[in-house]
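Presented below are the structures under discussion, each in the form of structure tokens.
Shared between the two complexes below is chain A, which pairs with chain B and chain C, respectively.
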Partner chain A sequence: MMAPFLKYDVFGSETSLVVAFLIGLGFGFALERAGFGSARKLVSQFYLNDLAVFKVMFTAIITAMLGVTYLSWIGVLNLSLVYLVPTFLLPQVVGGLILGAGFVVGGYCPGTALAATATGRMDAIVYGLGLYAGTFLFAELYPLIKPLHTATPMGQVTIPQYFSLSYGVVVFAVVLMAIGGFAGAGWVEKWMAARKELNVVAGGQ
Partner chain B sequence: MLRVLSSLTLNQRLALLAFVLGLVAIAAAPARGGRVTFDSGDMARRAASGSGRVAARALADWIIQGRSDFRLVDIRTPEAFAAGPRIPTAENIPLDALFDAGLDRGEKILLVGDDQVAVAQAWLLLEASGYSGASVVDGGLAAWRDQVVYPRVDGADVSTRSRLAAVSAHFGGAPRTGGDADAPAAMAAPGVVQAAPGVPRLPPSGGKKPAPAKKREGC
Partner chain C sequence: MLLAAFVFVGRGLGASGAVTAVVTAGLQAVAPDHAQSLEWLSGRLAGGERPLKDWLVFEGMGVFLGALISGLLARRAVIMVEKGPRVSTRGRMAGAFAGGALMSIGAAFALGCTSGQALTGGALLNLGSWAFMLMVFAGAYAVAAFMRWQWR
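Moving on to the complex of A and B:
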């Protein structure tokens, strides 16, 4: 049996909806249990107080990456059938800036907003309504946005392809980046906590 | 060694595991695109059943209707494509560039060319690589010429005759009857089939641009 299951007709599109529901259930549960249903927790990342978001996301990335690497290595997963979102450099930089600004201001990213909506948080519900309104606006204004949206197309490109590196070397480099990132994040958190303590002491005098 | 391991926290142990797996993965070479596996028996049965073929006349109807739910791919070399006759709405993707052209698995792809062996090879490559919507224009450009642009109408009844005439007129040709010579080899109908090099494609009569409805994936 080869993966991706849908592409190899192991199950049809109806079953894939059931599978998507179950995966979504697990994803939402994990987000909520990691504390990501709270805008305070998410935003404290940007104040460098609590880098849990960074650590959780990077852990997820390297877990998935190593899983995909080994599954395709032993021949269970056909990587060529895994969909790659095409790269459009300029619009994705612009979109990233908008999403980042929205993340800091609103306190959620789209997925965490939905997880927080499920727990009945009013701010997340309003955020979610904004998300749908923004999507609607994008669709309505698409003729105006299209020149930007389709600018600088690079196709379905991967880092190993683009830089002519071996796949495994990139995998190892990302693992090193993650481990360095975890160590750095721990250090930043300690440093911020010490500074806060210092401020409290200074304020108390 | 064991004592060092047991002194680590769980997070540190997981990081160590990731490091080791990453280090081993340097040797990993997951094939991307190049290698494919397919069920040869199933492919043989499908090929024998004649599926994956579209008649030239059916294609002509689709183009006239302005249907945009398929991509017509001409696999000739760019030189042959630029010089030779082409089917309106066809885009040129040479056989050796088939997998660099951004074709989507699942979209309807019609392959055409002047070399039916090359077209069949392209179809096999696409099918084996999971492009489930690939078909071949039966008979290739020769069939397009002989059945659509310059169709023989001997023995056809009046309504079929007038329909064929209308279709061939749409593509700049004319029906042939028994007395006529063979179809002009070059299909040199000005403006329509033999487009000038600067005008690669012609919009179908419906005025709709042939923009394939791409299935979107990802978030």
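Moving on to the complex of A and C:
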């Protein structure tokens, strides 16, 4: 059996909605379990005393990346049929900056806000209303935004393709980077904790 | 889970897309002609499509239920407002709303949010996704100092 199953007509688009629900179920469970239903836990990432966001995110990326690479190497998954969002470099850089700011201001990202709403966080509900308002605004102003939004189109392109490197080399580099990042994150957390302790001893804040 | 999504349907996760689907459906219900005239949304209405019959919307419902189950099991599901000790509830709510609006505008620009772009695209080594992810962290750290009042 070849994957992706939907693209090979193993099941139809109606069944795919059921699959979507089940995948969401697992995703939501994992998010909440990781503590990401809490805005304070999430923003701790940006004040450097708890780098769980970074760690969990990279664990997920590495797991999925290695899995996809492995499955495509043994010929079970056809990577060319997995949907790749086309690259628009400039709007994605701008969007990333805006979204990062929104993360710290609002305390959630859309997925975690949903998880937080499910577990009774009132601020997450208000955050959700903000999401709808922002989307509405974007849609209304789209004619004005369009030139920036469609700037620098680069098509569906991966890092190995763009830099003409082999897929395996990039996978290996990302894994190395993540290991380095994890070590660094552990060090930063320890350093912040030590600094806090020092402050408490000195009677400061 | 992400791997499962790739294997089963050939696409990843994405929460911001679900928001867009809901906005489209809402607008279509209130002002169908207007919804049709908005280029950003009208693609979801093309060919008599029902915007809510969307893979991401069903996924979102799953996320909600999955988180609820986990929260109940861990006794973390309580009605409360997440905030730091120095900020009023009203101030925090204003922050939440503004943050949500910023987030969805950013996600619209970048064609995806944390789950769709950073996680999914990151795992597929998508060039734009990695550029986006670096910028998310850059943007967040740049603003963090000015948002201390909300959290610390």
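In this text, the second predicted complex is superposed on the first by the 203 of 205 C-alpha atoms of A that agree within 3 Å, B and C clash if a C-alpha of one lies under 4 Å from a C-alpha of the other, contacts with A are read in each partner's own complex, and residues count from 1 in each chain.
The rule we apply is simple: a residue touches a chain if its C-beta (ideal position, glycine included) is under 8 Å from a C-beta of that chain, and two chains touch if they have at least 3 such contacts.
As the structure is a prediction and not an experimental result, all values here were calculated from the model.
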{"item": "Touched partner set for A:A52, first chain B, second chain C, both or neither", "value": "neither"}
{"item": "Partner chain in contact with A:T158 - chain B first, chain C second, else both or neither", "value": "both"}
{"item": "Touched partner set for A:G168, first chain B, second chain C, both or neither", "value": "first"}
{"item": "Chain C versus chain B, contacts on chain A by residue", "value": "C"}
{"item": "Which superposed partner A:M192 touches (first chain B, second chain C, both, neither)", "value": "neither"}
{"item": "Touching partner for A:W73 - first (chain B), second (chain C), both, neither", "value": "first"}
{"item": "Which of chain B and chain C A:A133 touches, first, second, both or neither", "value": "second"}
{"item": "First, second, both or neither for A:V104, with chain B first and chain C second", "value": "second"}
{"item": "Which of chain B and chain C A:A178 touches, first, second, both or neither", "value": "first"}
{"item": "Common ground on chain A, meaning residues reached by chain C in one complex and by chain B in the other", "value": "7, 62, 68, 77, 79, 81, 83, 85-86, 156, 158, 161, 167, 171, 174"}
{"item": "Chain A - residues contacting chain B, complex", "value": "2, 7, 62, 66, 68-70, 72-73, 77-81, 83, 85-86, 155-156, 158, 161, 166-169, 171-172, 174-176, 178-179, 182"}
{"item": "Residues on chain B engaged by chain A in the complex (per definition of touch)", "value": "11, 15, 18-19, 21-23, 25-37, 102, 105, 129-130, 217-218"}
{"item": "Residues of chain A touching chain C in the complex", "value": "3-7, 16-33, 37-40, 43, 45-47, 57, 60-65, 67-68, 71, 77, 79, 81-89, 91-124, 126-140, 142-143, 145-146, 148-149, 154, 156-162, 167, 170-171, 174"}
{"item": "Residue numbers on chain C that touch chain A, as the complex places them", "value": "1-13, 15-16, 18-20, 22-23, 26-27, 38-41, 53, 55-56, 58-71, 74, 76-84, 92-93, 95-144, 147-148, 150-152"}
